[in-house]
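Note that subunit A is present in both complexes that follow, paired respectively with subunit B and with subunit C.
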Partner chain A sequence: MKEKREAKRPGTDTRYTYAVGRIKALEARLISPGDMERLLDEETPLRSGESLRALGEFPDYSESIAAGDRGVEEVLEEQLRLAYGLLCQLSLGSNVIKVLRLRYDFHNLKTLLKARLLGLEPQGLSRVGFLSPEQMNRVLDEKTFEGGVDPFVAETILLALGRVTEGVALDTIEAIVDECYYETLARVLGVNPFLKEYARKTIDLINLRTFWRLQVMGWTEERLAEGLLPGGSIEEAFFRANFGTPMADVAPKVRDDSYRKLLKDALHAFQAKNDLSVLDKLMDDYLIEFLRKAKSYCFGLEPLVGYIAAKENEVTRLRTILYGKERSLPMETVRELLRSSYA
Partner chain B sequence: MKLNVNPNRMELLKLKKRLALARRGHKLLQDKQEQLMRNFLQFVGRARELRKQVQDKLDQALRKFDLCRLVTPEKFLAAALSYPKGQLKLKVQVSRLLNVRIPRLELEEQPDPFTYGFAQTPSDLDASLKILSETLPLMIELVNVEKTIVILSEEIEKTRRRVNALEFVFIPNIAETIKYIETKLAELERSNINRLMRVKEIMLEAEAR
Partner chain C sequence: MELGLILAIAGAIAVTTISGIGSAIGVGLAGQAAAGVLSEDPEKFGRLVPLIGIPGTQGFYGFVLGFLVIIKVNLLGAIKSVTVSQGWQIFAITFIVGFVECISAIHQGKVAVASIGMLAKRPEETGKAIVLPVFVEIYAVIGLVAGFLLLQGVKV
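What follows is the complex of A and B.
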């Protein structure tokens, strides 16, 4: 009873003490901002194969490179797969880490459903999730899971599958599966106030971004209803009431100060360059900044969530730098879009 | 070079008719060549303009796509882009320009690429795909114009060869042959007159005797 009560307060769940200790050690292995800066400052553009060499300078990544004949994307994916695998072990079967990893299973689920609907070969399947693409394919055929699959994972995937009814339109599959995923995310993370706040902020920011994207593209309000995710603090009615109003007028109406500031900065960049990439960056930075508080917690799941976000952040930063160098993009563009470091 | 014909009046008449026809044909072909050239230059200008538009649009789309790719795993983008709604349908039509058959592609239906969700895709993907969708009709128009240019250039070349053949080979040959026949006929005429005059002289000498 006491443990349950403690778990409701951030950073107090003592069940994860070993995990937190291990995470603190692992955090020290994350690539430092200085090393990233050094990689970014190398003047020469990277030719094919040189990205791997650059990546191989970091110990964790060099192990993945040495393990097989892989490209940069495969190595980055492998790092995420290893990080999620480790955290699933450390989190003692907590659904919190599972739900974060499920994002990749849901990606495969959406992709396979769309490919089946069109009768095409599936493209872009990920191996980070719990189920391999082959296993997920079998699940779609048989609607049951083979032994060894975590009951929570099986239940959540079946829940999403149940919502994708026969004859569903191609363009609504993603919306349905995403809605199911974020509903589950909000529910599972809702047991812990800090994580609940994280889930709420994630959903709010995605909804604000969706609203803005629809405005920029001049799409209909129907698409807004499909695209908005449940579980955020900004009501659907707010978006509906302001649909068609320029974003510059909508931003000051958002109640949360931090969102208002973020939107103001994004608007500034959008007006200057007419692209929304800065909004994506500001959103990611905002969430990383929020999760950075978890670094100070000595107990609980929060540092684990912080670590996995940090690993995702590290992978994204590496991708930004390496892709930018491979394509010889202007370094100021790469710097502008480079996410803030968690490390 | 004169043609290998019998120098008689019948051939002369035939050749004169052929010469008149060749001159008329030459004039017509020259007019056609000029008109083809005018059209060709117009299409070249249009192609240049379209190519610039397509290039600008592709640059914009790829720039935005690069911004998306900078922060999104390749697999996520591949999955988002691999399943468009609908199919690309093109219709092939053939039109005639100065009696030259020109095929033309027309866009009947364009697939809707926006079948991905908003939650896990980068914002600039929308703009990138929108620009690419707008570029497709321009690219098809460019294909039409460039194909027309190729066909017109072949036709201009063919017409030019015909005009030159008429102007420098066929017409001079016929003219030369006509001249030859006329000379030959005049010669015959003169020798005939001489013969007659000689016969008359002989007859007058005989009468005087």
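What follows is the complex of A and C.
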């Protein structure tokens, strides 16, 4: 019944009216492009500790800074954790926000599994997900969850763990865990036409990136089959048929106009710098542009998803600017890396 | 009690009830959205009140039309004789007007929610935010006026 109601036309579900009202008020507090520009334009490079002061100029962030002795990354992560926590409450038990937050748990899961296999200390763990890295470590040891963990979260993580069999190769772990996550994402977001489209586009773009990266790195076609995610609109056969063909010749064959344009822009940048990182930025910009439509919806879960994407976008932009300044990168380089603003 | 009178009273009940249902839904939607905004920004209460209340007018219009029917048949005094034909006429007028009021209240509630979202982001645009739901109000008023005029045409 719940899934049936969510399958209505986009932006028509009145169960989330309170949540949407609250989101509209929160959206007004997002850092404006003008303020972000001002932060970027400040000429002096930031020394250690100054990034925190720069961040403290924004009210939401200053509260996090005042709450304790924290570094920039901890403050940024706390902002995301708070936003996800609130939206999980406001989404009235729907799994849509939960599955988006699970991305961070799956990131930790992959990192911990790989670190265990290599016998190294895990690096770059996130505290935005449902489980802290310590809790995830215990789950890896015991294969069970302590009380209080959302059943959907527990079920999805255990599903992924169940697929990572003993003796699996390091390179395969990422593909297995990602496949499990994106399968779940496509299933959960599939109940709503707008979100279904978002999931489909996300998967398509990741597959295009995988296809391109594998070609650049000179991997074999077998790795392609492993790396492609299910649930996209571009079929595996298309990637297989074009594997080995230069990307400049593959891009015009992609049916979707918007993907073709994205690949064309990425090709220009790639040919100029021989660097694929611009593709990540273009993909993020493409998805944020798609989600910006959610701003015009007054009902339904779409504005909630739009807001969390906006908050992630804000944090990513802040991270790019602050770290760029700390490392004294030229302003042009920081601008090139900077994602388009949702706000 | 004669059938004509029963139909007239049923019409009065219908217009009041159907309009009231619409208004309750409309005010409910606007109220929920406003509560969401106020959770984050309580200072906007004064600006939001007109938007919460505006879909409630249809319920009032329905009540006015129902009251006119009560006056027409003099239900509170010496009840007038109402033929079956007159009863059906009164019922048809009130039922259809009630329906118009109900639909307009729900849609006005939705426009009010959109206006509340706009006000949350741009408090300086309060005037524009209030004007938008007023356009829906026009049709609720037309429904009331049409119902009033048509009732005058029914000679009891």
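Convention: the second predicted complex is superposed on the first by the 334 of 343 C-alpha atoms of A that agree within 3 Å, B and C clash if a C-alpha of one lies under 4 Å from a C-alpha of the other, contacts with A are read in each partner's own complex, and residues count from 1 in each chain.
Methods note: a contact is a pair of C-beta atoms (placed from the backbone, for glycine too) under 8 Å apart; a residue touches a chain by one contact, two chains touch by 3 or more.
Predicted, not measured: the structure shown is a model, and the values here were computed from it.
Visitor: Answer with clash or fit: subunit B and subunit C placed together on subunit A by superposition.
Guide: Once both complexes are aligned on subunit A, subunit B and subunit C fit side by side.
Visitor: Angle at the Cα centre of subunit A spanned by the Cα centres of subunit C and subunit B: state it in steps of 10 degrees.
Guide: 160
Visitor: After lining up the shared chain so the two structures overlap, which partner does A:213 touch, if you call subunit B first and subunit C second: first, second, both or neither?
Guide: First partner only.
Visitor: Where does A:237 make contact in the superposed view: on subunit B (first), on subunit C (second), on both, or on neither?
Guide: Neither partner.
Visitor: Check whether A:77 is in contact with subunit B, with subunit C, with both or with neither, and answer first, second, both or neither.
Guide: A:77 sits against subunit B, while subunit C stays out of touch.
Visitor: Can A:272 be said to touch subunit B (first), subunit C (second), both, or neither?
Guide: neither
Visitor: Spot which of subunit B and subunit C makes contact with more residues of subunit A, would you?
Guide: Result: the larger residue contact count on subunit A belongs to B.
Visitor: Which partner chains sit in contact with A:178 here, subunit B, subunit C, both or neither? Use first/second/both/neither.
Guide: The first partner, subunit B, only.
Visitor: So in the superposed three-chain picture, is A:107 touching just subunit B, just subunit C, both, or none of them (first/second/both/neither)?
Guide: first
Visitor: Using only CA atoms and the superposition described at the top, report the least gap between subunit B and subunit C in Å.
Guide: 28
Visitor: Which subunit A residues are contacted by subunit C in one complex and by subunit B in the other?
Guide: Residues common to the subunit A contacts of subunit C and of subunit B do not exist here, since the sets are disjoint.
Visitor: Help me check something: in the complex, which residues belonging to subunit B touch subunit A?
Guide: 64, 66-71, 73-80, 82-83, 85, 112, 114-120, 122-124, 126-127, 130
Visitor: Subunit A touches which residues of subunit C in the complex?
Guide: 29, 32-37, 39-41, 44, 110, 113-114, 116-117, 120-121
Visitor: For subunit A, which residues count as touching subunit B in their complex?
Guide: 73, 76-77, 103, 107, 110-111, 114-115, 117-118, 120, 122-126, 169-171, 173-175, 177-178, 181-182, 206, 209-210, 212-213, 216-217, 227, 229, 275-277, 279-281, 284, 316, 319-320, 323-324, 327, 329, 333-334, 337, 339
Visitor: Any idea which subunit A residues touch subunit C in the complex?
Guide: Interface residues on subunit A, with respect to subunit C: 14, 17-29, 298-299.
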